[in-house]
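What follows is a set of structures to go through.
Two complexes are shown next, each including chain A; its partner changes from chain B in the first to chain C in the second.
The block that comes next holds the complex of A and B.
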């Protein structure tokens, strides 16, 4: 087994394992911080998929932004959140969680079936990509291509998403403002 | 692919089983990340256009926007109901 494969299995194990603990844990704070570990594992997987820029973006946005937001909301909703988290004393697979578990397991079976049927290594477009040398090289970096692509080919979605971010920011600020006192 | 599938199902399980809006949000993020992982993995085979990676970037930004708005809504709901258990929030207008 090569080093890359070993790294892949390590990252995959870290990611899936910490995600499972997030699902099973009763302590909300602990599950938030384990979600942190999951995100780092995912960033490692992106690096192994030769997408270093996406990996860095993942760390900056998710770990720096979203996780802090979640922690912030958790602190603001304070004792009540802790109380409901503590109150949930059920085991991982108990009667209360059984329908959810069955649903997730059945969905897992269906998705695994699809993945194995798809026969990933023999898809025609991937074969043509490999034949025409359209694969991201291991030694080079794709950041240059991504930057040029963002400003030329993907300019319209780029602008649209900037406007959407603006709208989301204004909307979030509007939603979380203090209600004006009724006169 | 397999990792992505497993992550997606864990996210689904969290969403359905948890009784806390923040935990449900974490589940949604997990499912989004599973999808992004697939995009990135297949983006490897598209060097000239970088379709997968660019789309993954857009998806991450969208997830950030979604989370910001959702957390604002959660805080608002908490201020009004003093709880963030979605089972107990049952009125549309007071």
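The block that comes next holds the complex of A and C.
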């Protein structure tokens, strides 16, 4: 087993293991902190897949942004509110153990089916790409390709996403604004 | 196998350097603060109090590790380690001289920016784990401050990256001296590729980067929780903020993280704006000062001098300016620094397109 393979199995074990503990854990705050380990393991897997930019972006957005915001929400809500939330009986989506298990198992069957049917090593478009030399070499210039791609071929989706974020910002500003006092 | 051994040696060397710098930094901070406040500082332990830090370290190691009864044990014990590791990991991508860089990754700057955000998580962990209202208030203030100041800092960095057109820190360093592959122009009109020295530093290649540098420097003070932005540990209101409950070695780790963060942000500032490991001495006629003082050994000396000077400024500011209030802090960030940083980014684009 090469070092890369060993790293892959280590990262995969860390990611899956910590994700399981996150889902099964009783202590909500510890679960959030453990989710950080999951995200880090996932970033490691991205690095192994030669997607270093995606890996770093994952850390910036999820660890630096989303996780910290989730923690903020937790800390603002206080320990008593958290305790009642943990013991809540009528949940928004309430499933008993058996239906949840069946749902998960069926989904697993679907996913495994896709994996085995896809036959990843012989996909036609990958074969044509290799035959016509239409591949990106592994030399660390991935970020240049991403930049050029975002500004040319994928410009419209990129701009649409920026408009979406703008709308979200405007909405947030509107919600947090004080209503003018009517005279 | 030797290949991997080198990595371990480099990592251990960086750790040793961080430790040594922290010892030096604590001593310097006490002496500088004493000088500014017209005191003497440590004098008793060793000549001029030079063994004071060593004595403090002995004291820290001997102290009992106290875990508060109501604390979340795992989070409380893990927090200082995570705070420190977040900063220490970023040292991997910093260039020390031509050809001297622990990990020459092509997205080095972005990596550092990402890895620093782990520190926020560690601070929140410390605040929550201590189960103490001062700690949690300090942690929340710290997180709010770091998240806000990442924006002007990020845009100041982007304006440099737009000029340099790379995220590789070694390439950015290379462009600011006589080893540059492309042309370096002083203020955009005078070709100084062969002259080098202070004239080819980024802040002189594109003068609006001086503004960007000041923005970055202010934001970096806030990101390392230093005065005047030390509301997370405001002693007069919050005891000691998020590290109120830590004792002994854990407290030492928090301190280690603070000083290595100071060094890290200063060094990133030096690399991006102040010519990295390039010499400040230009070639004048037949006096080839820049050529003589460029090299791996010189590189380490120059970058250390520049970084330590910036750290000196950080200390000077800490002991001169009073602490900002929370609303003043946010006003400064969102109403002054962020628009200015946006303007810098815009000018960078224009500069790159039409002048360089």
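Basically, the second predicted complex is superposed on the first by the 152 of 183 C-alpha atoms of A that agree within 3 Å, B and C clash if a C-alpha of one lies under 4 Å from a C-alpha of the other, contacts with A are read in each partner's own complex, and residues count from 1 in each chain.
By our rule, a residue touches a chain if its C-beta (ideal position, glycine included) is under 8 Å from a C-beta of that chain, and two chains touch if they have at least 3 such contacts.
As the structure is a prediction and not an experimental result, all values here were calculated from the model.
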Once the two complexes are aligned on chain A, which partner has more residues of chain A within touching range, chain B or chain C?
B
Touch check for A:30: first (chain B), second (chain C), both, or neither?
second
Going by the contact rule set out at the top, does A:73 touch chain B (first), chain C (second), both, or neither?
first
By the touch definition at the top of the document, which applies to A:155: first (chain B), second (chain C), both, or neither?
neither
First (chain B), second (chain C), both or neither: which does A:50 touch?
first
If we overlay the two complexes on their shared chain A, which of chain B and chain C does A:6 touch? Say first, second, both or neither.
neither
Touch test for A:170: chain B only (first), chain C only (second), both, or neither?
neither
Kindly list the residues of chain A that each of chain B and chain C touches, one partner per complex.
53, 57, 65, 72, 74, 76
As the complex stands, chain C meets chain A at residues 72, 74-75, 78, 105-107, 110-111, 113-115, 117-118, 120-121, 124-125, 127-128, 136, 139-140, 143-144, 147, 150, 167
Within their complex, chain B touches chain A through residues 1-3, 5-14, 16-20, 22-23, 25-27, 29-30, 33, 36-37, 40-50, 52-54, 56-58, 60-69, 71-76, 78, 82-85
Parts of chain A lying in touch with chain B, wherever the complex brings them together
12, 15-16, 19-20, 22-23, 28, 31-32, 35, 38-39, 42, 45-46, 49-51, 53-54, 57-58, 61-62, 65-66, 69-70, 72-74, 76-77, 80-81, 84-85, 88, 96-97, 99-101, 103-105, 107-108, 111-112, 115, 120, 125-126, 129-130, 133-137, 142, 145-146, 149-150, 153-154, 157, 161, 164-165, 168-169, 171-173, 175-176
Inside the complex, what are the residues of chain A that reach chain C?
27, 29-30, 33, 36, 52-53, 56-57, 59-60, 63-65, 67-68, 71-72, 74-76, 140-141, 143
